[in-house]
Amino acid sequence: MAIAVYPGTFDPITCGHMDIIERAVPLVDKLIVGVYENLAKRPLFSLEERVRLVEEAVKDLPNVEVKAFKGLTVDFIHQVGGKIMIRGLRANSDFEREFEMALMTRKLAPDIEPLCLMTSSQYQFLSSTLIKEVAELGGCLEGMVPDHVAAALREKFSTSTKLATGKGKR
Amino acid sequence: MAIAVYPGTFDPITCGHMDIIERAVPLVDKLIVGVYENLAKRPLFSLEERVRLVEEAVKDLPNVEVKAFKGLTVDFIHQVGGKIMIRGLRANSDFEREFEMALMTRKLAPDIEPLCLMTSSQYQFLSSTLIKEVAELGGCLEGMVPDHVAAALREKFSTSTKLATGKGKR
Amino acid sequence: MAIAVYPGTFDPITCGHMDIIERAVPLVDKLIVGVYENLAKRPLFSLEERVRLVEEAVKDLPNVEVKAFKGLTVDFIHQVGGKIMIRGLRANSDFEREFEMALMTRKLAPDIEPLCLMTSSQYQFLSSTLIKEVAELGGCLEGMVPDHVAAALREKFSTSTKLATGKGKR
Amino acid sequence: MAIAVYPGTFDPITCGHMDIIERAVPLVDKLIVGVYENLAKRPLFSLEERVRLVEEAVKDLPNVEVKAFKGLTVDFIHQVGGKIMIRGLRANSDFEREFEMALMTRKLAPDIEPLCLMTSSQYQFLSSTLIKEVAELGGCLEGMVPDHVAAALREKFSTSTKLATGKGKR
Amino acid sequence: MAIAVYPGTFDPITCGHMDIIERAVPLVDKLIVGVYENLAKRPLFSLEERVRLVEEAVKDLPNVEVKAFKGLTVDFIHQVGGKIMIRGLRANSDFEREFEMALMTRKLAPDIEPLCLMTSSQYQFLSSTLIKEVAELGGCLEGMVPDHVAAALREKFSTSTKLATGKGKR
Amino acid sequence: MAIAVYPGTFDPITCGHMDIIERAVPLVDKLIVGVYENLAKRPLFSLEERVRLVEEAVKDLPNVEVKAFKGLTVDFIHQVGGKIMIRGLRANSDFEREFEMALMTRKLAPDIEPLCLMTSSQYQFLSSTLIKEVAELGGCLEGMVPDHVAAALREKFSTSTKLATGKGKR
């Protein structure tokens, strides 16, 4: 299956993302995890931090590369010679959005095939957004994110609390 | 059923919330309505105002207490000795979010049981967000919020119009 | 919470049903599992078999009773003095049906409160129908149904295969 | 808006159907309620009975006609000179099916426009199927079907009980 | 069908909107496209720009008028003497929101009937939001928006890039 | 991507199925279209007829094989040495069922990866069931099924009409 790209904001990478990555690896010759800048979503972690957290998470997996990108996802996939866009589906809210994006992708780049894997049932209800909310309030994230990501979240929120009491998140 | 907590932002409390509260009361020994600070959502009413509007709304109901809280909902429920988290389900959009939250709750605090009541059909399509939009534009809210809440909304929006013509809401 | 009824066809009882039962027990004084005759659905197991499989499954749980019933669910709940109808919600297809039934229940019997528990994530995608399809085709059901139910399914399908090769199920 | 057709099985007509009919009448020059034979669904009432129950229900409404039909809905609409197909939408399960049918309709007959009205909130959770289940079990249907339909349901089920104890409905 | 209003933000008008407008025109005596100010959504185009883009798009259609409005949609419909509110339904995410709005509309103004048309299948997955995201990143929008809208989007984003590199959109 | 299996009842094969097959072919070394016996669904076409209609449809595609199968889908995939199960997703009703099946598949056979392709927008609202209903009533199926399938449907229904006027389909 030549080269596949798994694009996302990864703010931060979760066990749900890892589940998709680990299952996609054996299907393709090379998997490129594309970390999207996505300033519009005001990510908690900088692009560089997000790339580093993903790199640490996939460092033992063969044939996986991590790259940051800006601009249109299909342009990025073309640049790296990809033919496949990997997406992880969860049972709930992101499905319609996935459809919009998949059909837009095929309109913009008919040579790229969006392929969806079903997120495993234990990760169905994990989202980066919910994880950040729980982390900000000091909740335990065991089994939801890799350990180094949990540490990064703790550090991020302890810093932001120290520096900016009364901050106006989001 | 010992102590149950009904958490929410209540910005402001609606007839849909009251429907859930009135039906939960006979099921439990004590019902604590937990008003969540929720700065991230930039509530229209201050935490103190929201607590006061809820207190006024439930003042004739037995065994109901109103408390403000910050931080993780499960931590608040533990603090007040609750065993049950009451949620109101509506037929539409909040269902998947409910699932995410219920499963996250059970992960963070397996001793707390999220219990859902089905919102009555006449309140299925009420949301605090829609109500605020209608109130801001001067629409009539009869039968959607308690009378004192309607009054508070009118006052809030007349003030904000006077003070801040050209305001940039949200 | 006085007496609660958990009604269903239980054709057969699954680990998803058991999850709901075990979590409902600590919330109520008595839980009655109501096994509905439901001839319209042409159940695989007879009413007596279904009751026996449920009884075996709940035999170590305190304050649980199993009863067969015919006719309207709300009439059955009234007969046994129940005030609460327990329902298990799964993230997928049964939600709208649940809403229809809950609102019909409240219309027919405003004194009975339908209470929903969220099925745990590992059982979200289990359904009696899917389990029967897999069992009929000889698939392994470990972790999906209690052991004695798995045995009953194996026996049921080995018999039906012997007696009725070329049968026209459903 | 010339002539509009409101097609359905109407087995039997409910207050939800009446809500749609009453609101469609002022919008069009003539409304034809098309009662579809629909043998595939094994209706409880015969085509003649269903037509009669609809006629009785709409007898005081101006510019409404009731007609039975077989075959393709779009062919029927063409025969009666209709330009519009009226559909009632409920918040739950029938939405996707509606989409399939609307797009198929437009494919088969681009000159016919499917127009949807939103069922009022008090009828959102009514379905002919659920009503028949409740009626069969002797439940009260007040406010769900017109009175003469409630009577017809009572008679139908008392007859079928007398004639066919142990019947295998559906 | 007297006068109908098709309200929206139209930021900017898409081929999906045009599909609804073109199909609504033959059904009504006059169609008023109501462009809602909607400052809360921080539209990309000013109210005047949006009105002009819609006017250009509908200039060859008979019996269509374009008007800007502020305040409650139902108040605007009353002002222009409308009896019908036209809405376009897409298979995905906006359905529940549509229901909320339709039922709120009927509560605020029982004399106005919300009528829904089903968006044609080729436009099911188009949204103004997605189109703006693609336009901002330089993607081709052929077949998704009228040509003059594509030009306006190109100009808007080239300007904003020139003036405000490093801007924090949204 | 080694060997992939695209299982289904194909009663009959539609343009939506063909869309998935044509897009899956370039992704894999070999694609096996598995036609499931599925007596439970009482297919219109016999297993042999369905296989023949699929074979005719794919005869010009490289690396595609058609095979009939009975029993568990995962057993069939193992028998043919497949590692991937191809599924086509449509925006509407089959999504939850897909999730149930995908998670059951992974439970029964963790070595098989279910991969979903998004059905193209023009085929989103096609289903074999709807097509059979339209065909039975004499509607035109151009662009919905391959020509030889349209012919087979016409013949099937003209025969069944001749033989069995007044038949009780389904």
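The first chain written gets the first letter, and so on, giving A, B, C, D, E and F; residue counts start at 1 in each chain.
Everything below uses one rule, namely that contacts are C-beta pairs under 8 Å (C-beta built on N, C-alpha and C of every residue); 3 or more make two chains touch, one makes a residue touch a chain.
None of the values given here were measured: they were computed from a predicted structure.
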item	value
Common touching chains of chain E and chain B	A, D
Winner on C-beta contact pairs when A-E is weighed against B-D	A-E
From chain C, the most remote chain by mean C-alpha position	E
Same or different contact residues where chain F meets its copy chain C, judged by the half mark	different
Centroid distance [mean C-alpha coordinates] between chain F and chain E, Å	39
Inter-chain centre distance, chain B versus chain C - centres from mean C-alpha coordinates, in Å	33
Overlap residues in chain A, where contacts from two or more other chains coincide	91-92, 96, 99, 103, 121, 124-125
Chain pairs in mutual contact under the definition given at the outset	A-B, A-C, A-E, A-F, B-C, B-D, B-E, C-D, C-F, D-E, D-F, E-F
Touching residues (chain side chain B, partner chain C) in the complex	1, 23, 26-28, 83-84, 89, 91, 95-96, 98-99, 102-103, 106, 113-118, 120-121
Complex contact set, residues of chain A against chain C	91-92, 121-122, 124-125
Parts of chain C lying in touch with chain D, wherever the complex brings them together	39-40, 42, 71-72, 74-75, 96-97, 99-101, 103-104, 107-108
Of chain B, residues touching chain E in the complex	91-93, 125, 127, 130, 133-134, 137-140, 143-144, 168-170
